[in-house]
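Quick notes on the structure that follows.
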Amino acid sequence: MAEAAKSASNDYSIPELMTVAMARVLGEREDGKLGGVGAAAVVPMAAARLAALTTAPNLWWFCGGASGLNPTFDRLPKSSADPRAALGSTGKKNMLDVVDMGITGGWDWGFNGGLQIDMYGNINMIGIGTYPQLKVRGPGTVGTIWTGTLRRPYLYTMHHASRVLVEKCDYISGPGYISGGTSRWDKVQNTTDGPQLLFSPMAILDFDPDSKRMRLKSVHPGYSADDVQKNTGFELVMPASVPMTAAPTAEELFVLRRHVDRDGVLKNVRATIG
Amino acid sequence: MAEAAKSASNDYSIPELMTVAMARVLGEREDGKLGGVGAAAVVPMAAARLAALTTAPNLWWFCGGASGLNPTFDRLPKSSADPRAALGSTGKKNMLDVVDMGITGGWDWGFNGGLQIDMYGNINMIGIGTYPQLKVRGPGTVGTIWTGTLRRPYLYTMHHASRVLVEKCDYISGPGYISGGTSRWDKVQNTTDGPQLLFSPMAILDFDPDSKRMRLKSVHPGYSADDVQKNTGFELVMPASVPMTAAPTAEELFVLRRHVDRDGVLKNVRATIG
Amino acid sequence: MAEPRSKVVSLDEAGRMIAQHKVISLAGSHSVNSPMALIRAAIRNGATGLTIIPPVTTAIAADLMIAAGCVDTFYLSYIGFETLGFAPGFRAAVESGKLKVIEGDEPFVLLGTRAAAGGWPFIPVPAGVYDGTDLPRLNPLLKKIKDPHTGADCYAIPALHADCCILHAQECDELGNAQFWGGNNQEPDKAAAAKTVIISTERIVSIDHTRKHVDRVTLPGHKVAAVVHAPYGAHPTASPGVYGADEPHLKIYFDAVRKGETKSYLDRFVAPKTQAEYLDQVGLETLFALQENA
Amino acid sequence: MAEPRSKVVSLDEAGRMIAQHKVISLAGSHSVNSPMALIRAAIRNGATGLTIIPPVTTAIAADLMIAAGCVDTFYLSYIGFETLGFAPGFRAAVESGKLKVIEGDEPFVLLGTRAAAGGWPFIPVPAGVYDGTDLPRLNPLLKKIKDPHTGADCYAIPALHADCCILHAQECDELGNAQFWGGNNQEPDKAAAAKTVIISTERIVSIDHTRKHVDRVTLPGHKVAAVVHAPYGAHPTASPGVYGADEPHLKIYFDAVRKGETKSYLDRFVAPKTQAEYLDQVGLETLFALQENA
């Protein structure tokens, strides 16, 4: 069923495209701000490192697991928990600091994924089926709860499929816009903005400003808006015209491959469709 | 009124005698156990260092302020907060660790003093007079509360006088035996034993096993039981015969002056009577 | 003058000590610095009916104990093998109803441990942290209370006490003064929240070495009951600064458990009684190569 | 490619920033590592009506602000000059009814700060910690509540939030990544519990220096609003590893305030607008000699 996401160009892989797209957003919106990536998050980790080198020189970013702030590795580790992910950091944060900042709202931005992500940007890491003897037991919710407290959560998935992008999560472990509209702010801390974007192997998506339903924002080269809808488990809000995600430039790829990912890890990260 | 405590011998000062007496007790009762001394506690600090070198090789001791565990200075600092008091430590404890261990009952032993100490071994660091505009505003209770949670608190004072050793504290900031008998254990954690001894410039005192009233245990050379009673603000329990505190041996003084206090700080620590 | 008492014991003795306890906690993160030699020794020594309080993220450390059938109850924050996939032992045990899961998360496990370390009965967090999620519904230990100062709603995360905490250190002296290199420093609270602490270490160092490098001492030894010399004691997870994770080995484990061949893995890699025999099974060339990824 | 923005400001500018706040917290211990240059700058810039949340032990840092008439409310754990005696400014202000004291102690100030740092409304401690003392009677902020899990009594220590935290570092880069040498590590929680953080430092180091010595970085700079280069900025308290406390100077202060001659001390030592002018008043020979006691 699931197949590898195919790049429209031999010049870059889909994970490289996603990395560059994320790095641009960090440059436009988060320069000077503090955020972080969790573990099992090689693409956002690469994006933050790339952004710090290019678009966001004042970025403060935390590399979860290895716990370094603003690391300067040039050989992207496969896991942010790999101790080498902390190379050249300017500081570190203990796990308690991370939780403190989650609760106090100290994180400006962060990336989160999920076993399921629904049309309102809610995340499920708990599982699928009836609790407690779930049909699919998820890995546990770890820090997905912080989508409720960090100011601008960004979502991502390496698997664009109807089983991942569902109409309604079986369980919510990370709150997005709950049931849409203003319902988020009846529950979670009202100083936070809710999910900003979702990065997938096919597209970048955002949320309709009023209904807070997920909306297609741009489609990666090689895929159509229709392809995206077909692999999504709910009806996306469709703008009149959907632009193409700009392909990585030669300069972006140069910096990425020379100063972030010299071993080409992003060429082999698994990204799937369907 | 107050006069300097006089040693009966030119061989040692009263603070040196107190240090040696404390070190012997640490060797008899606390080898292998974990405890600590607070700040402004130069005599207990010297005693713990001396005990670790002589009678209690397995002692674990925390030097408050500078925060070192088992430091190995040979030039006794005047304050345990002096960073040099941490020299040669095998570890350190953050202030949060200290409080954690206070609350969980992790400290086996410790030394505490007070503005007032009463006949049941309660301590007052709050002040004298009517709250809040006290006649004498004490320095604040800092960690004296831990006399309620550490297993075997030891008390000390550098001023043996009726204004310090009072019948009843104006306020209790560190619980001793409260109002005597078993009253302590109605209030504080019942895994703890209550004050063991009081070291003063004149004497060593303990507590009657049943009434928990303070009792004279030994008198330092040069003073009599009567001298001690005269300078105490309540009636002491008096055993039939009161022995003399054993003077420091030549070996104890050698180790103390060569390996603990090479600068002779303990010769000039202020100890007073009356 | 008596010398300080050494706490060094054999790996097997440490395994017996661990197996006598019921609530076991451990630190490390994902596939980094897990006390694997101690875990194997505990399994060999018949550990059973365990409750496990893991670090906020774990992989083979907890999954092996679950797959080996030692665990009844698991405090969950996150268990998974990153790029390989879901934790196979955990998933099978839950989906077949054999494992009780306390549906925790990062703040629940971390703050529950902090509360126990501090002697606090619980830690209250603002209700807005959990409202909007299913966690309060699935985890009855999250109790809603009122802040007595402001009247605001909050959830009380209860203290999570352990009987025995097992940790792997890079350097440790015979008194238990230990250095953990790398990671996110969950070890001190885990140790403080437990009644007793058992440490394996890559290297046993002198007390003078501890004094010289005191700024790197993560955990003072006063609460440590036993120290085990276990070179490569974190294998197949990484030992920061010493060796990297053994990804092929993790895949061997992952595939074996997923295919229902846990026993063959246990026979080959958990049965060896000494760390040296285990390392022979893994192969010294493999182990030496991992040093390049430290 | 833009360079990261520097946060370095003048001492005077930092003084103005501090004086705009009402609740000030500070770290250091006793006569060690107090942010004295920042305190003098805040006094010069008219700081008034302050609430001070000190470290669990303090001496001249808080006493000078009290003696100078800047402080309305003081969270007390311990203030004193060790061998010299009681804190003279504090004692006079309390005994004359001019200073409101919150009768705290080591756990109250430390855990109140921890609660604020963690975003927790309060921390509960077992009732047995405070029962038997007069603190709950004298400090209404200690509220008795029940543990919702066990029904046991406990006292709730409320979160102590500050507007501005001022700290003295031994090394700090222009982004605010700071190293505090020695002490008992109250700085990170103090910083986390405050809305903004201002740091003075013996030495401003390069960001490359920070990266090289990252294991010594105590406080990452993301929350730091301003960095001030202030050599001998802890004087007359000690700067661990750099210089010892200036005991004769502490005695000059102590005697002046006790004799009611605070103004003469302020004129001589607080009025100088730059750190260089202050150091001239103290005398370079004195300052250099203090390096021997580091």
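Annotations for the structure displayed:
When the chains are written out, they are named A, B, C and D in that same order, and each has its own residue count from 1.
Everything below uses one rule, namely that a residue touches a chain if its C-beta (ideal position, glycine included) is under 8 Å from a C-beta of that chain, and two chains touch if they have at least 3 such contacts.
Computed from a prediction, not measured in an experiment: that's the story for all the values here.
More C-beta pairs in contact connect the chains of B-D than those of the other pair, out of B-D and A-D.
Centres computed as Cα averages put chain B at a distance of 28 Å from chain D. The centroid of the Cα atoms in chain B and the matching centroid in chain C are 40 Å apart. Put simply, the C-alpha centre of chain A and that of chain B have 58 angstrom between them. For chain B, the set of residues touching two or more other chains reads 92-93, 96, 99, 103. Taken residue by residue, chain C touches two or more other chains at 111, 118-120, 125-126, whereas all remaining positions touch fewer. In terms of which chains touch, the assembly is arranged in some other way, matching none of the line, ring, star or all-to-all patterns. Contact between chains, using the touch rule, shows up for A-C, A-D, B-C, B-D, C-D. Chain C contributes residues 111, 118-126, 141, 143, 145, 147-150, 152, 154, 156, 158, 215-216 to its touches with chain D in the complex. Chain A meets chain C in the complex at residues 39-40, 65-67, 78-79, 81-84, 86, 92-96, 98-99, 102-103, 125-126, 131-146, 148-149, 171-175, 178, 184, 187-189, 270. Across the interface of their complex, chain C is touched by residues 32, 34, 53-54, 57-58, 60, 68-69, 72, 88-93, 96-97, 99-100, 103-106 of chain B. Interface of chain C with chain B (complex): residues 1-5, 117-120, 173, 175, 177, 188, 192, 207, 210-211, 214, 217, 219-223.
Residue ranges of chain D in contact with chain B, taken from their complex: 29-32, 55-57, 76-80, 82-83, 86-87, 90-91, 94-95, 97, 100-101, 103-107, 110-111, 114, 125-126, 128-135, 138, 181-186, 189, 238, 240-241, 244-245, 293-294.
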